[in-house]
Amino acid sequence: MIHQSDEGPGPATPGDAIKIRARGINVFYGAKQALFDVSLDVPEKSVTALIGPSGCGKSTFLRCINRMNDTIAGTRVEGRVELDGEDVNDRSIDPVVLRARVGMVFQKPNPFPKTIYENVAYGPRIHGIATTKPELDAIVEKSLKRAGLWSEVADRLQQPGTGLSGGQQQRLVIARAIAVSPEVILMDEPCSALDPIATARIEELIDELRNQYCIVIVTHSMAQAARVSQKTAFFHMGKLVEAGATGDIFTNPRDGRTQDYITGRFG
Amino acid sequence: MLTWVALLALALFSGATFFAARRKALASVGGRPVGLHSLPGYYGGYVAIWVAIPAALVLLAAAGFGGRLEAGLLRATPAPSVQALDAQQRDVFFDDAVSLSEGRQASESVYEGALKSALDSAVARARHLKSQITYGALASALALACAGAGFAFPRIRPDFRARNRVEGWIAGLFILCSVTAVLTTVGIVGSLIWESWRFFQSVSPIDFLFGMDWDPQIAMRADQYASSGAFGAVPLFIGTFLIMIIAMLVAAPVGLFSAIYLSEYASPLARAVVKPLLEILAGVPTVVYGFFAALTVGPLFREFFNGIGALLIGGGLDGLGQYLSQVQNQMALVAGAVMGVMLIPFVSSLSDDIINAVPQSLRDGSLAMGATRSETVKKVVLPAALPGIMAALLLAVSRAVGETMIVTMAAGLQAKATINPLDTVTTVTVQIVTLLTGDQEFDSPKTLAAFGLGLTLFAVTLTLNIIALRIVQKYREQYD
Amino acid sequence: MTETSLSAAQTLRKTVEARLKVRHAQETRFRAYGLVAIFIALSFLAVLLGRIVTQGYSTFVEYSLTVPVYIDPARVDPADISGANFDLMIADQVLARLGIKDDDFGTQSSKVMDILSNDLGFQLLEKVKASPALIGKTVTVTGPVRADGALYYKGEIKRSTPEDERKLDNAQLGWLDRMKATGMVSSGFNSGFLTRSDSTEPEQAGVWGAIVGSTMMLLVTALLAVPIGVLAATYLEEFAARNRWTDIIEVNINNLAAVPSIVYGLLGLAVFINWLHVPRSSPLLGGLVLALMALPTVIIATRSALKAVPPSIREAALGVGASKTQTVFHHVLPLAMPGVMTGAILSMAHALGETAPLLMIGMVSFVPGVPEGFTGAATVLPVQVFIWENASERAFHERTAGAIMVLLVFMIVMNLAAILLRRRFERRW
């Protein structure tokens, strides 16, 4: 049923280089299987959207990429996820290094109960990327600017990050993620807790970041997927039903279930 | 005995009126409960309550206070020969009269002549009073029960709102029960303040709170209590503080690290095994810890320090060696260390709750940044949980300060203002126990001093608790 | 573009990897701290319990002497049986069996009396009193060896200790050895420890009086604290409007739960003894004090059990026309009952182990028997532990640990009951 051959990512998409190559992923939470033999290619420097009804396994797939599933007791992952050709589940890959290379933004904004500055400086500090105060200042400023938050918080960097509005918090969290200059950014429904205006800002931001990062975004909103992504993958009941260029998926889906979902017949 | 029989009879009577009232209610609507305002049982309950409650209160009051009423009446009319006795002998005389009237053993006092006949008549009068009180109570209970029935029974009509009445009684009972907790506090505060006030009549609060000398004299006779003991409680405060600090030095790190391990690292299986084991440690009665401290840890520590002392004697640290070789069982270190062990499960379970209240999303955020578990704990979880953990530690401090048995059994009695953990110190709670165990003249400053100490203890622990509970509440609101 | 970003990625990797070793070492160390902490806590538990069992198990071993005694009519006056010295008769009998001649001063027989419990003499006295016809006949009595003798059998008193530093001299130790070798003394389970009450003689002291006292006291506590606590919690949780008064009551209850137990003792002394004249040292008084102490815990446990009942149950009951009271009594409370009972049992277990407030209200007295009713003098298990721990005689230390074992068994049974109750009726909404 999966209309995707093993040899390629399907129809040509922007940014031809493949950053992440997943093959035959099965995920089990205890005895329950959450993902069934999922294979997907994620292109470099573009936005790939994972869509599907809730509980379809799209977040589970996302968490395979930076091995966040390891943090849940009783989870088992089978299959290969390659990042630049290296299997991330390989013994030689340290999850610490992997997660420094693959940043993640969560559904609910989760700034640490620290100052705005400390939130952004968290990654560079723990990884030892910046050693001097000026270096750190520069990284914080650059990240906040890139996340489009600098103008709003420049004069209150020492105030708690939890005091910001929901949309600002989510941009702060994105700034925190890009402060370590990751190669990939995973976003797990980053706008589901936000109002439409804040959502629009984040979508703009994603569009800007696309030039530098490989972005994988899980979203509930098909409109959002259509707006921000170049490639879309549709998940259903733990299986990857269909993946391809966003335009094709939305205008010309090959699978009946995709058709039903995007026309709003279930979901 | 008679009271119990009467109460039983009352219960039976009240039960009978329950069924009678229920039947009457049903009969009033021709056996179809639909016509009644309330379920038939409520009509029964309404009448039964009016029959039982007032009469039961009278019976219980007679059982509880009848003896005092009897004694009071007996004393109201003393014979002239009895009036001649001094206050203490008179007390003994009347106690004997009551004892003899109840067929119990009297004291060993010898009564002769006029006193002997006065005793005999007092005994007779006590018997008479007793039967008067008992039968009076029984009669009034009977009258009240009948009056209750007479009042409630005629009110049964189909439109009578029996359920609301019964629920009114139940609500009253509810409120009475919830007020018990408040009354307990009032009782604690009231009795502590009252007795302390009496204590501060003879010892100034300034001397008590800031005095450096603690040496309560033993008042052997009533007229001796003017003899001044020293009631400066500072050495006790220092001793309590010292032992508390030692206990916290054991409990805080061990408890906190256990909690961190259990909540952040342990597998569900390990948690399921370790947590109940820690709960056992928490459930062990403090008297057992006291036994362990006094007979196992104390001798062990003494031997250890004596051994080190023996090695040092004659060397460059001869003075220290001499000192160590004379260390006693009852050093502050022993009581403090064992108290620390007692507090480990307390600290760990409170901290565990607090750490678990830190949202998982913060941990995920940190781990997804590539932080290790320990970095996540140290840099994100602990700072977030800090207020809660501080509160948990404050509660543990409050427990340590108020703990009694371990220190009573393993710490000393000597009031010494020292912070040397190898020295013998005494604590507030130890002194309260020492001052109040055994038979003492209740009015002497010595026994009243215990209430002064109790008031101080209560004030300190209450303050700690209020602060801690406030912080915890704020903390929980933050993450709810 | 691709070139520069690749190299940036490589720089990141290099930087992160450079510190990886140090960070993982920190991680391992931190994890080890946690493990060590748990290990420390659990080893304390093991040492504590292990030490009590090793100190206390020997309490349950009794060495008893069985000896036939000829009731010499010359030494027992039928008119004054209590005047006869039965202890001496037994001692003489033992000496005769060991084949030792006593001197005129009775030095040997008094030394024998030192190693035999006077319980033997009492038993003989009771028997002869019950049937004076026994005078002139031979009666067999069985009773414990005196505590010091038992300590020798158990290896607590050693021959290697210099003679003048131990309570028994070499001759007595020799007799004890021969008595055991000839089968006069046999060891067995010390049922007396569980069926007798406190005594000044360690070998005759038991915990029965304390067990009965504890039971009576807990009965009073449970009968007061559980109904009042449950009703108060139900009121606060289900009926009371949230206002300043209920807030005060709530804060008050939370703070009461953390008041040191000794303060409750002071309350009992000032209010119950001096003001209400409740008899000192009685189970009634102890029960009252502990009930006040347990009340906040019962209330808090009940409230959390009530909170766990989902609001849909209440709405359903109210929806079919039940009154508030009916809803609570017919639906909410029965559903919360397992949680309530678990909380109640746990707070009773806690009350069972409580000692400090009882010292304030005169429960530290020597009570050689079961309490005479709820207003009679009584002792309870933890206080018995405290009293024996204070005793100077070494044999009492063993009994202290034995009493602790009995106390812990009771607490374990109560806790198991609570756990089983929770397991059996646990409900997931």
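All chains are identified by letter, namely A, B and C, in their written order; residue positions are counted from 1 within each chain.
Convention: a contact is a pair of C-beta atoms (placed from the backbone, for glycine too) under 8 Å apart; a residue touches a chain by one contact, two chains touch by 3 or more.
Bear in mind the structure is a predicted one, so any value in this text is a computation, not a measurement.
Student: Graph shape for the chains shown, where an edge means the two chains touch. Line, ring, star, complete, or other?
Tutor: Topology of the interface graph: complete, with all chain pairs in contact.
Student: Would you mind checking which chain's C-alpha centre is most distant from the centre of chain B?
Tutor: Here the answer is chain A, farthest from chain B.
Student: Give me the two chains with the most inter-chain contact pairs.
Tutor: B-C
Student: In angstrom, rounded to a whole number, how far apart do the mean CA points of chain B and chain C lie?
Tutor: 19
Student: For chain A and chain C, let me know how many angstrom lie between their CA-based centres, rounded off.
Tutor: Chain A and chain C have C-alpha centres separated by 60 Å.
Student: In chain C, which residues are in touch with two or more of the other chains?
Tutor: Residues 16, 23-24 of chain C touch two or more partner chains.
Student: Going by the touch rule set out above, which residues of chain B reach two or more other chains?
Tutor: Only 370, 372, 375 qualify.
Student: At least two partner chains per residue is the criterion; list those residues in chain A.
Tutor: Touching at least two other chains: 96-97, 100, 126-127, 180.
Student: Which stretch or stretches of chain C touch chain A in the complex?
Tutor: Within the complex, chain C contacts chain A at residues 2, 5, 8-9, 12-13, 15-20, 23-24.
Student: Per the contact definition, I'd like the list of chain B residues that touch chain A in the complex.
Tutor: Going through chain B, the ones touching chain A are 267-268, 359, 361-372, 375, 379-380, 383-384.
Student: Name, in rising order, each residue of chain A that touches chain B in their complex.
Tutor: 66, 68, 71, 73, 95-100, 103-104, 106, 108, 110-114, 122-123, 126-127, 173, 176-177, 180, 186
Student: Which stretch or stretches of chain B touch chain C in the complex?
Tutor: Interface residues on chain B, with respect to chain C: 64, 67-68, 163, 167, 170-171, 173-175, 177-182, 184-185, 187-188, 191-192, 194-195, 253-258, 260-262, 264-265, 274, 277-278, 280-281, 283-292, 294-296, 341, 344-345, 348, 370, 372-375, 377-378, 395, 398-399, 401-405, 408-409, 429, 432-433, 436-437, 442, 450-451, 454, 457-458, 461-462, 465-466, 469.
Student: So in the complex, which bits of chain C are touching chain B?
Tutor: 16, 23-24, 26-27, 29-31, 33-38, 40-42, 44-45, 48, 51-52, 55, 227-229, 231-232, 234-236, 239-240, 248-249, 251-256, 258-267, 269-271, 274, 276-277, 292, 295-296, 299, 323-325, 349-350, 352-356, 359-360, 364, 382-383, 385-386, 389, 397, 400-401, 404, 407-408, 411, 415
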